[in-house]
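Shared chain: subunit A. Partners: subunit B in the first complex, subunit C in the second.
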Partner chain A sequence: MSVVGKSVERKDALDKVLGLAQYVDDMHFDNMLIAKGVYSKETYGKIISIDISKAERVKGVVKIVTSKDIPGENLVPIVRKDMPFLAEDVVRYYGEPVAYVAAETIEAAEEAVKLVHIQYKPLETVLSIEESIKEKAPKIHPHGNIHKSYKIRKGDVARGFSEADIIIENEYRTPHQEHSYLETNGMLAVPAYEGGITVYGSMQCPFYVQEGVANILNIPLNKVRIVQTVTGGGFGGKEDIPSLYAGNAALLAYLTGRPVKLVLTREEDFFTSSKRHPSLIKYKTGARKDGTLTAIEVTYYLDGGAYSTLSPIVMWRGLIHATGPYRCENVRVDSHVVATNRVHCGAFRGFGQPQVIFAHESQMDILADKLQIDPAEIRRINAVNVGDETSTGQKLETSVGLLETIEKSVDKSEWQQKRSIYEQDKGDKRRGIGVSSCFYGVSLGAGGRKYERSGAYVEINRDSSVNVAVGTTEMGQGMRTVLSQITADALGVKYEDIYIVPVDSTRVPDSGPTVASRATVMSGNAIRDACRQLKERLGKVAEEMLKIPREVLVWDNDEVYFKQNPSVKLTFKSVIEEAYKRDVHLATQGWFVAPYTTFDEETGQGWCYFTYVYSTNVAEVEVDMTTGIVTVLKVTAAHDLGKAINPALVEGQIQGGVVQGIGYALIENLLYDKSGKMINPNFSTYIIPTSVDTAVIDPIIVEHIYPDGPYGAKGFGELPIIGVAPAIVNAVFHATGVRMKELPVTPERLFSVIGEKK
Partner chain B sequence: MRRFSVIRIRSLEHLFDLAEKGMTNPYFLAGGTDLLIKIKDDLLIPPFTVLDISGLQELRSIHFEQDYVRIGSLVTHGEIEKHPELRLLFPSLTDACHGVGSPQIRNRATIGGNIGNASPAADSIPPLYVYGAELHLVNSKGERWVKIEDFFTGPGKTIRNPVEIIKEIRIPAEKRDYGTYLRLGQRKALAISKISLALAGKKKNGSMEDVKIALGAVGPTVIMAVETSLYLRGKELSSEVIKEAGNIIEKEAEPITDLRSSKEYRKKMCSTLLVKALTNWKQVA
Partner chain C sequence: MSDLINLNFTVNGEKKHIKLDPSMTLLEILRNILKLTGTKEGCGKGECGSCTVLLNGKAVNACLVIASQLEEAEIITIEGLGKGEEIHPIQKAFIEEGAVQCGFCIPGMIMSAKALLDENPHPSEEEIKWGISGNLCRCTGYSKIVSAIEKAAKER
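Let's turn to the complex of A and B:
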């Protein structure tokens, strides 16, 4: 009786519903200090002086740190090291941390923050991609304004365009997006014995945080223990920047010898945490009359903000997916992530893909319109299938479910009928239906080869209950549930008997980050490796107890039985009891290294990801022509993810992704004033969708088994948001005849174009 | 958030006593949905005194009298939106209160606080303009009645002196033929209005009489579209009239560009919302 494939209840559901889950802000230690940050009020400036003397005199203030107090390296270790834990001579964005205060009470800390006096000499700012790439632009970093560039060269684009019957060329723009996780960032650092330190906190990547803390304190990794607390959402936002908060909390704890808690307010979190990169995309597509693509040429810019954080690999992922899930022999892509004096951008669900997919799916729609081909059909015509090649020359060998996602979403949404029904709308309210397809390379691939391994520690207790420790984290996505299901099936025991222990860096070796939809495949396979070893040991015991060779024993549903005669059996419990009597070692480490991937920076060719997931979204909208307001009526979303370990969780991911996609397409807009200060850093002015802004969501699960994944699973989580915005914008085109090339499609923007057209 | 102390007011007399003794910068806490945010954002300059008036039962009721309907200032948006008699008499007001925030906010936030906070985007205010509401202001020294359009002087600014409490709002109990409230926000719920329009009017022998129109979020205070009303007087609700009224109202409004919307869009939407309101009226008539 397998639990894989069943919608079992989430492990953490009850705790969260009852309010029992302990977030970092719920934790308390005796003698604990409260930390508050001093954040730059200058967008770009030289620091002339920092005066903490008044602030130090506030009653209750115990310690104020600036960059001078850092014993280790003042650089947050991410992809390339350019972001300091605390600004030294220069601040590069409004909100950059310059100092931290630790005090007995939050009031004292807040008071002191106001009294830290920093003098700046303002420098000329760079606030957009266009400004940043100008020849005479002020240089934000010694290396200039380009954080990183990547390219793809495949075939011969000139020839490809000469073979085209139609060429379309457009520019697209997308904005910042804030993750809007429920729980803001927070860390609690506690001095441990012999100069060690323990940090508890909200995070996705404990091993990144561990490296960060070791770096700032200049102590070895073995002295730094990281424990992840229940994490209230991440969406990529807790991948890079928690290292900075943890580092500063640890610094204060280290210097005071007392526990220090640093929890950010929503505004502080908005100002200092990474965002989704804004983009500027120049996209040229050539196709034959029948719709087949002949050439694609893209120049893709991302605004990386003041520091590069994860930008290079965000850019890289965007690059690899820039041409969409389509066959095209002639491809040229240039991508650059540039520096500006705005907040640093990093990981956000989709990781550099939603921007460029908005562009390529708009291009496909424009092509379809110009060539008088049905938009779903033009995608079908070009869709990759098993045996086809990606733009980087990777041959797709198995598990390519794209065509099925197109078919299923089109059928289920009644695409054909609705295309013609909606075209009849001629009044103030006009409906439209649009489609988009995309793919997503699972895990880090060649871009993060050095992190492509994960460990798991599985231990069977004497009462036959099972503990599992992994290095990937639960942040709300359901990992603890899915990994419990995998463990239960791997051992043939009940789901209820599995407990995934809190993530602690001392339990398993560095398992890489919890990003890129990788936890199911990476930790799942590591668990299976551990369970295989344990079952071998248990097999010997059962074999002797039953006097039947272990090759013909079946482990299932808390029992082990003889394949040919299931009535010859033992309970799992009795085997465990016997194993304990015999001193069998019932705990072990599992390990998984991802399949081979590679990338050649010169040609942009390579086997970039070990597998891909695929999706097609069909969106239906109603546009009020008198106001420009777009209402999303329905989104039918079909996703090929290999195997749904827990279908309810998969559907939940799709629903959440669609809602986030609606926000990205229509509503969310981070605003800056002319000086470069973010002006809507909270939820009363940075607007995200509410339940009434959502649509009817129809999730469709497509399963093209991936043989190397646990039970055929490929990984899921990021894909659901990626294709939503273009599907909506394409539906708006169908409804109104207006092509919007910049997100978000606010009523103001749409109405101004509809008004012009009228 | 800074620490502050709260004085719980037991009765109006208690309030007046305290006022006589003198208080520094008093603020009333009714539902607290505006006030607490201001305190949290450090927008109130200390020292200040927070007077919790939420326990004053006498400000919680709604009375229907011969000439007036009297609404206590502590009545919540939730109570107003669900009130069947108010709905019949003042649909523009009940519509407006229905659109405020979310159910949680509507259950806490009061109409007195909405007025006291004096935002040009406050939803209950435009309907109070079109229904000719008056405010009963009282303090230890006496009382006065003020017409709602004379009350506001700018965003967050009113003629009220700090220890004066809005005790109630009275609205002439006059039945109109039509009333509506239309608003646009940045999303479909829990959004501050980026433009709003309240309209109430009567008809006589098929033509409009006494149509009152108020616009929210297009100026420093709510404004009345006087010229548009004048134009509509005595006219039939025809498509041409509706269209022309739309053109006139666009010229009356002087909105600005801010975080929530642009000047141009707001101007156009004055016309759109009026056309919608009048067209609906035409359809129900």
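Let's turn to the complex of A and C:
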């Protein structure tokens, strides 16, 4: 009896509804100190002096660290090392960490933070993409203001445009988005014996954190143990920056010899954590009268903020997906991620894609309108299928469910009928329906080739219960549940008997980060590898017990039986008991390396991801023409993810992603004053959707099996947010005839354009 | 720090007599003094609802209530919701409906749901949405949370 494909109860639900789940701030150690950061009050400036003498005299203060106290390298190891753990002679954004205080009480730490006196010499700031790319722009880094550039060259765009019957060219802009996980970042560092250190905390990527801590302390990796605590949301926001907080907490623990807890306030988290990159996208599309694309040319800029952190690979992902899930022979894409004196940007669900997909799905809609083709139809006309090529020349060999997502979402939402019904609305309230399609390369692909492996440790205990250790993390998405289902099926035992142990860097080798929807495929396949080995060993035992060759034995539902005669059987438990008597080794490591991927930096061609997931979103909105307020009525979201290991979890991912997408499309907007200081670092002014801002959400699961994934699964999690904003903006166009090219579509913005049109 | 005051109040049915700083928040008292860490801090400023508890039967943000308001008060937190071994029907419905993801908002969400259902045992979908509109959740999109509350209401 397989549990894969069933909506079994989440492993962690009971603890969480009882309030028993331990997040890092719920942990306590004797003798523990509390840490607080001193964050820059200057946007861009030279540090003239740091005076901690007054702060040190506050009763209860034990240690104050600045960059001078760092025994190792003062750089957070991410893609490129350019972000310091603590600013040395320059601060490059408002809120940058300059010092940390450890004290006996939070009050003492807060008092000391106020008394640290830093003198700056202000420098001329760069606060936008446009400013950053100006020839005479002040340089933020010695290498200049371009963190990184990538390109794609395919076919001949000049020829492509000359073959086009229509060419459309537009500019699009998108803002920062803050992850707004409900649990702020936090770390608890505890000195261990022989100069080692253990760090507990909220994170997605324990092995990144391990490297960061080793780097700042200048100790080897084997002395650093990282334990992930229950993590209150991540969405990419706990990919890169936890290394910085962990490094500083570890530094204080190391220097004081005492446990140190550092948990950020919401405001501190807003100021210092990574965001979704703002973008500026110039997009030119050529097509024939029948809607087929002939050429696409894109220049894609991202604002990476003060430090590059993950920016190069975020942009790379945007680049690979810049032309959408469509066939087009002539493509030219240039992408640049630039430095500004704003907070660093990193990973956020979608990872460089939501920005560029907003642009290409707006372009497709404009094309459809100009050519008088139905918007869903123009996507169908160009959609990739098995055998087609992506813009990087990768031939899609299996599992391409895009067309089915278009069909299903269009049918289920009653697209045709609603197109015409909504067009009758002529009053103050007008409805509209819009569509968008997109794809998403699973895991890191050629952009993160060196992390494309994962380990798993599976152990069957004497009582036949099973524990599993993996290096990827649970942050709410349901990984522990999905991996338990995979283990249960791989061994033929009950789901209830599987326990995924807390993620601990000492349990499995470096398994890469938990990002890019990779946990199901990577850890899932590593678990299957381990289970295969264990079943070999158990097979020998069962074969001797039953006197039946193991090749014809079936392991299922806590039993092992003879294929031809299921009444000849043993319980799993009895095989385990026998195996223990015979001293059979019932624990093992599994390992999985992702299929081959490539990318040529010169041409931008290559086999970029081992597989892709696909989706189509249909959004319905109502626009109040007198105020510009957009209400999302319904989102029908069809997703091809290979195989849904747990359909209820998939639905949950879709519902959550859609609502984040509604926030991105309509509400969420980080604001800065002229000096470059963020002015809405809290939930009363940076508004995220509440329960009354949601819509009816209709998730549709499409399954085009991926043969190399566990049970056909490809991975999920990121995709649900990606296509939502363009579907909404296209629906707004259908309702009002107004084309919005900048997110978010706030009432003020929309109303001012509606007003102009009137 | 102000002068300490003596306080008498009840938490989850247990009487407490504590001497503390009157400016301390209920959230600090629960988490740091009574070690009831099921109540979460998401913002500390009344913006997120993660710290929702019942104060004399009403849902409040514990981060906005200060000690001096607590004399003779009756407080219920997520830890006090079930009866002994038995979990509360709202908690059960949250599990069954798959309403839990990262879980950080969940204790506060459940306490708001409890206050809502105590006052209005058969709320409409709209009333449920308004009832939890002070509780942010970034993971679930609220859909399954609303269905869990509907289910709990039906099964009461």
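Throughout what follows, the second predicted complex is superposed on the first by the 758 of 758 C-alpha atoms of A that agree within 3 Å, B and C clash if a C-alpha of one lies under 4 Å from a C-alpha of the other, contacts with A are read in each partner's own complex, and residues count from 1 in each chain.
Please note the rule applied: contacts are C-beta pairs under 8 Å (C-beta built on N, C-alpha and C of every residue); 3 or more make two chains touch, one makes a residue touch a chain.
This is a predicted model, so every value here is computed, not measured.
Once the two complexes are laid over each other on the shared chain, residue contacts for A:149 go to neither subunit B nor subunit C. By the touch criterion defined above, A:557 lies against neither subunit B nor subunit C after alignment on the C-alpha atoms of chain A.
Once chain A of one complex is fitted onto chain A of the other, the partner contacts of A:183 are limited to subunit C, with no touch recorded for subunit B. Residue contacts after overlaying the shared chain place A:533 against neither subunit B nor subunit C. Contact with subunit C, but none with subunit B, is seen for A:659 once the two complexes are overlaid on the shared chain.
In the superposition on chain A, A:170 makes contact with neither subunit B nor subunit C.
In the superposed model, A:692 lies in contact with both subunit B and subunit C.
In the superposition on chain A, contact of A:467 is made with neither subunit B nor subunit C.
Comparing subunit B with subunit C, more residues of subunit A are touched by C. Residues 107, 684, 688, 690-692 of subunit A lie in contact with subunit B in one complex and with subunit C in the other.
Only residues 1, 31, 36-45, 47-48, 50, 77-79, 82, 87, 91, 94-96, 98, 100-107, 110, 128-130, 132-146 of subunit C touch subunit A when the two sit together in their complex.
Within the complex, the subunit A residues that touch subunit C are 7, 9-10, 12-23, 25-26, 107, 179-184, 230-235, 265-266, 475-478, 648-649, 651-652, 654-660, 682-684, 688, 690-692, 694, 697. Only residues 107, 110, 626-629, 631, 667, 671, 679-680, 684-685, 687-693, 746-748, 751-752, 755 of subunit A touch subunit B when the two sit together in their complex. Against subunit A, the residues of subunit B that register as touching in their complex are 2-3, 37, 102, 184, 186-192, 259-262, 264-265, 268-269, 272, 275-276.
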